[in-house]
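Two complexes follow with subunit A in common, the first pairing it with subunit B and the second with subunit C.
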Partner chain A sequence: MKKYSKLLSLLLAGALVVGSFAGCGGSDSSSDSSASKADSSSESGAADGEVFKIGGIGPTTGAAAIYGQAVKNAMELAVKEINEAGGINGYQIEMNYQDDEHDAEKSVNAYNTLKDWGMQALLGTVTSTPCIAVSTEAANDNMFLLTPSGSAVDCVAPENAFRVCFSDPNQGMASAQYIGENGLAEKVAVIYDSSDVYSSGIYEKFAEEAGNQPFEVVSAEAFTADNNKDFSTQLQKAKDAGADLVFLPIYYTEAALILGQADKMGYDTKFFGCDGLDGILTVENFDTALAEGVMLLTPFAADAEDEATQNFVSTYKENYGDIPNQFAADAYDGMYAIKAAFEDQDITPDMEASDICEAAKAGMTEITIQGLTGGEDGISWSADGEPNKSPKAVVIADGAYTAM
Partner chain B sequence: MKKTMSKTTKSNFITYGMVIVIYAIVQILTATGSLSSLFKGLLVPLCIYVILAVSLNLTVGILGELSLGHAGFMCIGAFVGSFFSKCMDGTMPDGLRFFLALVLGAAVAAVFGILIGIPVLRLRGDYLAIVTLAFGEIIKNIVNVLFVGRDAAGFHFSLKDTMSLNLAEGGEVIVKGPQGISGTPKDATFTIGVILILFTLIVVLNLINSRDGRAIMAIRDNRIAAESVGINITRYKLMAFSISAGLAGMAGVLYAHNLATLTALPKNFGYNMSITILVFVVLGGIGNIRGSIIAAVILTLLPELLRGLNDYRMLIYAIVLIVMMIVNWSPKAQAIMSRYTPKNLLNKKKSAKEVN
Partner chain C sequence: MSFISYLINGISLGSVYAIIALGYTMVYGIAKMLNFAHGDVIMIGGYVVFLASSSMGMSPLLAVLLSVVVCTVLGVTIERIAYKPLREAPSLAVLITAIGVSYLLQNVALLLFGANPKSFTSVIPVPALTLANGALTITGETIVTIISGIVIMICLTTFIKKTKAGQAMLAVSEDKGAAQLMGINVNGTIALTFAIGSALAAIAGVLLCSSYPTLNPYTGSMPGIKAFVAAVFGGIGSIPGAMIGGILLGIIEILSKAYISSQLSDAIVFSVLIIVLLVKPTGIMGKKINEKV
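Take a look at the complex of A and B:
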């Protein structure tokens, strides 16, 4: 009898495995035969080869969910608009957005899921670390990849990868140049998050470029994600060093705390940040008077006066209930960049993903789109995947972003 | 005596057989092309989690000590292996380089296991859990501020930033603090993963059924009695713990060579990961190696198979986890299950027949 039960357990385990395999195989073949199975499709019922299948990857659960959700919403918005306006080259777009929990391994799983779904181009991934893993995978498959917000240098290292946002070093360089050229300060202190890719990436290039600029970095203090509530030590050091400007290459949640604590200490100085500071005015229980005079270098400001931005912000607010951040704007521009590149090369959905990639790669270097984040000259791309756009410096005055 | 021996051997061979049969099925499915990309991408992670679960079971189930820092050992293995591969890429054949990376990663992780074990395993009580929990977090934080570069003059270390490495012209930064190591060659394949699973099983199962293994289990069951018959408690505890750590390090090397990027985030090397591995062990049955394998496979597949549920995915995953724990471990549920095992049903039929 004992023998029997063992045999049975083995059999059950085997059956389980076979079952899961069969399940996967089944879904694979069914997604091949019909395109209408996707859950988050905006346009279903179309036969295969008549819609563009564009995938998106980003964290919609976990700590970084706010970024992934913004990208997802903006992508849906852009897809809806493009479809209503007649699609790309007359073909509708179908989108599928997968969660990666801000984890490289899960991100590759999400990528493979999208591949099974029949993805032809990827708008993603949202965060840098997963993006490096996915862009390597995508390079092996020769899949076109445009990341809205993966800012680490390695994200676009493969030939098939492009990005909408500035790279981290690019922002650090631009910030240092801006401060230097406009004579904003003589002594600069930096407070950055050494456990964050974005923040340390900007800081390093900033410190390097500072050597060529007419100001001096008098203190550079780091904090980590485990220790990001009390900044009095860092601020005190900046104050003691006599810094007349504090550079904050960090996200707005920590920046809001820093501004509050600096005010309590009676440390009156100038603050300068990057696009991570965008959103600081919407932090809950944050006294916006504290942010008065804060300067930031950002490609997108939600209360900009131009029509495109205002339309985008109002539609976004209508559909999702809050004000879009720069991630949303980057994703929105990314979708239109894909549209422009596809139209430039007359790409049709019946092409193989690999052929689409080759064509789109050529298309990306040809196009210039205005977009929400393009500034006055628009965005164009070089073959290495980096966008060329002019950074916009804005200053917070009377509780709103105003161009400098 | 002979009978019990053959029984454990048979049980072990069933475990090996299970792995080999699954491997064969996957190979056939791959050859016929009926495997989805998602599943192909999941094969190596599955191997990694199986190795982690089996190795943790050695500490938790066989040694009877709670370890909450298994991901820390994995992190050490991953970074050591990846660093080695990045430095040695191109100087030797890929296979040999990967093999040496595996050995090195496992060895360094095992050394750390010994270092932590020496003070902690002498104590009674749950100190190992506390210390390993802290250890895992410390490792993660150290890796996040570590910068290592290489130029013609050799290696440069820094705990501040890449500028303070003072690299000469043409130097390359290998470990970039929070950005970790990127561009590790992708050497991990399913075949290597399965070979490593089999290696792990051979090590663990043979240890359990050896003289040393019986000494380890004696310590678990009754420390005083074990001490009284002259078993060197610290030595055997250290042995089990460092082997467990070494195997976790090996899994880490496999992890590092599966993805192009390696960063120490709370998500992949934090205590959450350690708890996840512990969940595999507890769900599969503490001390039950085969159960660990099955639990690791199911719980890794589940979130991916639930992708169709979109945002509710992680919610459902949590509920399934709770239900499985209750069904597996509550005495009531076990009583109900045992009443309806196929064996009992068969018996009932038989006895019913006899009555008739």
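Take a look at the complex of A and C:
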């Protein structure tokens, strides 16, 4: 009996082992089948109700929230318009926008969340530092990426990445040329954020180009993110050097402080900035008289009189309650650039993200869109991801941006 | 002339550090804990004044008083909820909790007030002082900050030396156990310390935001850390030390920006701190406490 029981237990154990393997196989195959079922259901959906899944990433909280929120709003607006007009190649767009708090790590997490959601192309990210991280990730996945406003050179270093805005060096160069050609100043001081890739990128090219221009850079002072409250020293140096124009390739939060402190110390000079100054008028409780006469180089002025801008500004205001800034305009143009590139290459939602990327890359270099930020000649793209468009300068007059 | 004007800028920045450092050093001196949330209580104080004066139209003085009340209540609440249960825990646990409270306050402010910076209207009506035919200006904010710093310093010192509650604080700071045996209410004394420290934070918040008028949820964190450095520099626990440390720190920062490098000013400030601590580990005004065996 003992012998049998041994045999029996052996058999039972064997059965258990086999059973457990079978269990594994069973669960595997069932998950396979559910996956393939999901695939097939999405494929069958292609005929009716298949959508393009386009992701967006940007800071909707944190210090740069004003940019991410503007991009989100404008993207929503563009998606709604495109869907109402029949979508891209007849397919509707579904968008999903994730917050990255202007933090590279959180941005990569947001990218992964969007990938899990089934994203096929990314309109983002909004700010430069996170964008560099995400564009590297996106290059590994061969995911099409179009950043509305990531202006650092490396944002579009991979082949799959394009941008709507000007690059930092481009802004630095254009600013120097603008100041020189229009004879705005003879002595220029620069205050820039050496801890920020955007600001130092513009500054470096500006300083380089200044050599070819009929003005002199008399002082170039830096600050860092940890030391961005007191600018009295930088301003004092600019004043002592006799600068008649201060170039501020920085964001508006610090610029608002600089304008206030210059006013307090009785330093009356011209200020010239780049697109980072855009938004200064929306700072709550900010005395806009301080910003009177500040010039900035930006591709978009909300008071431009062309019909497209007027329509965009009024719909935006209706939906979100404030006047769109340049970031909103870039995002709006970005969405239409995706549409144009997708239509150029007859891209459909049932294609793999990687195939979409290959096609969209080719499409981007073919298209020219008018857009809000295109100026007279529109925007076209070169294969390295950079846009070709002409810069515009605006001046703040009576508390509003006015074209110069 | 420009040297004098840099010096004035340095004093004006330093006076803001000094007034924040007073709160730090007060709490450290009595409760022997680093309240890293101090900078964020300052930020909350700033928001209270901002909302009360610009949104509700309160008069500046009333707004400042309201802010003092709100911060005092907040400080005592934080102490009761987060620090009191850890009275017997190792000091590292309290330190980590303080950092946690700091992040909590920042994120609550982010939720309540949003991330967009607000422009703070100065609540100080004192006009700027111009010297040497307008070549030098001392802003009204600087004058008020320095005066309030000195007044607070004198009041605190007198309070600790002359009143019963102040003597109790001194006793608690020297030996909690012995103080309790002498019939001192240790928990009450520490709560009072936090109440005073937080009221100082509210005043510091008003002065900080009046001098540097942007307000966002992170407004208090970096000045808070700099002020902590100032407190260590001056000798943590010493009230006059905080004042001197703060002003020296401001002057060093501005002068190194002006004459050495605007980029490296923080590095220079911290190097000076290291050198001072190497030479005099208790800080400029710090007392050397002999361990009795």
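We take it that the second predicted complex is superposed on the first by the 355 of 404 C-alpha atoms of A that agree within 3 Å, B and C clash if a C-alpha of one lies under 4 Å from a C-alpha of the other, contacts with A are read in each partner's own complex, and residues count from 1 in each chain.
Here, a residue touches a chain if its C-beta (ideal position, glycine included) is under 8 Å from a C-beta of that chain, and two chains touch if they have at least 3 such contacts.
Quick caveat: nothing in here was measured; it's all calculated off a predicted structure.
Of the two partner chains placed by superposition, only subunit C is touched by A:Gly266; subunit B is not. With both structures placed on the common chain, the touch criterion links A:Gly62 to subunit B and to subunit C.
In the superposed model, A:Ser232 lies in contact with subunit C only, and not with subunit B.
Once the two complexes are overlaid on the shared chain, A:Ala397 sits clear of subunit B and of subunit C alike.
In the superposition on chain A, A:Thr224 makes contact with both subunit B and subunit C.
Within the superposed three-chain model, A:Asp240 lies in touch with subunit C and out of touch with subunit B [touch as defined at top].
By the touch criterion defined above, A:Ala289 lies against neither subunit B nor subunit C after alignment on the C-alpha atoms of chain A. Legend: residue contacts after superposition of the two complexes on their common chain; A:Ser200 is shown touching subunit B, with no touch to subunit C.
Which of subunit B and subunit C touches more residues of subunit A: that partner is B. In the superposition on chain A, A:Ala362 makes contact with neither subunit B nor subunit C. In the superposition on the C-alpha atoms of chain A, the part of subunit A touched by subunit B in one complex and by subunit C in the other spans residues 61-62, 194, 224, 226.
By the touch criterion given at the top, residues 2, 5-6, 9, 12-13, 50, 54, 110, 114-121, 128, 134, 137, 139, 212-214, 216, 218, 222-223, 253-254, 257-258, 262-263, 265-266 of subunit C touch subunit A in their complex. Of all the residues in subunit B, the ones that touch subunit A in their complex are 10-11, 14, 17-18, 21-22, 25-26, 29, 34-42, 45, 137, 141, 144-145, 161-163, 177-180, 182-183, 186, 255, 258-261, 263, 265-268, 290, 294, 297-298, 301, 303-305, 307-308, 310-311, 313-314, 341-343.
For subunit A in complex with subunit B, the touching residues are 1, 4-6, 8-10, 13-14, 16-18, 20-21, 23-25, 27-29, 39-40, 60-62, 98-99, 101-106, 108-113, 115-116, 129-130, 132-133, 135-137, 152, 154, 194-197, 200-201, 203-204, 207-208, 224-226. Touching subunit C in their complex are the following residues of subunit A: 59, 61-66, 194, 221-224, 226-227, 229-230, 232-234, 236-237, 240, 253, 256-257, 260, 264-266, 282-287.
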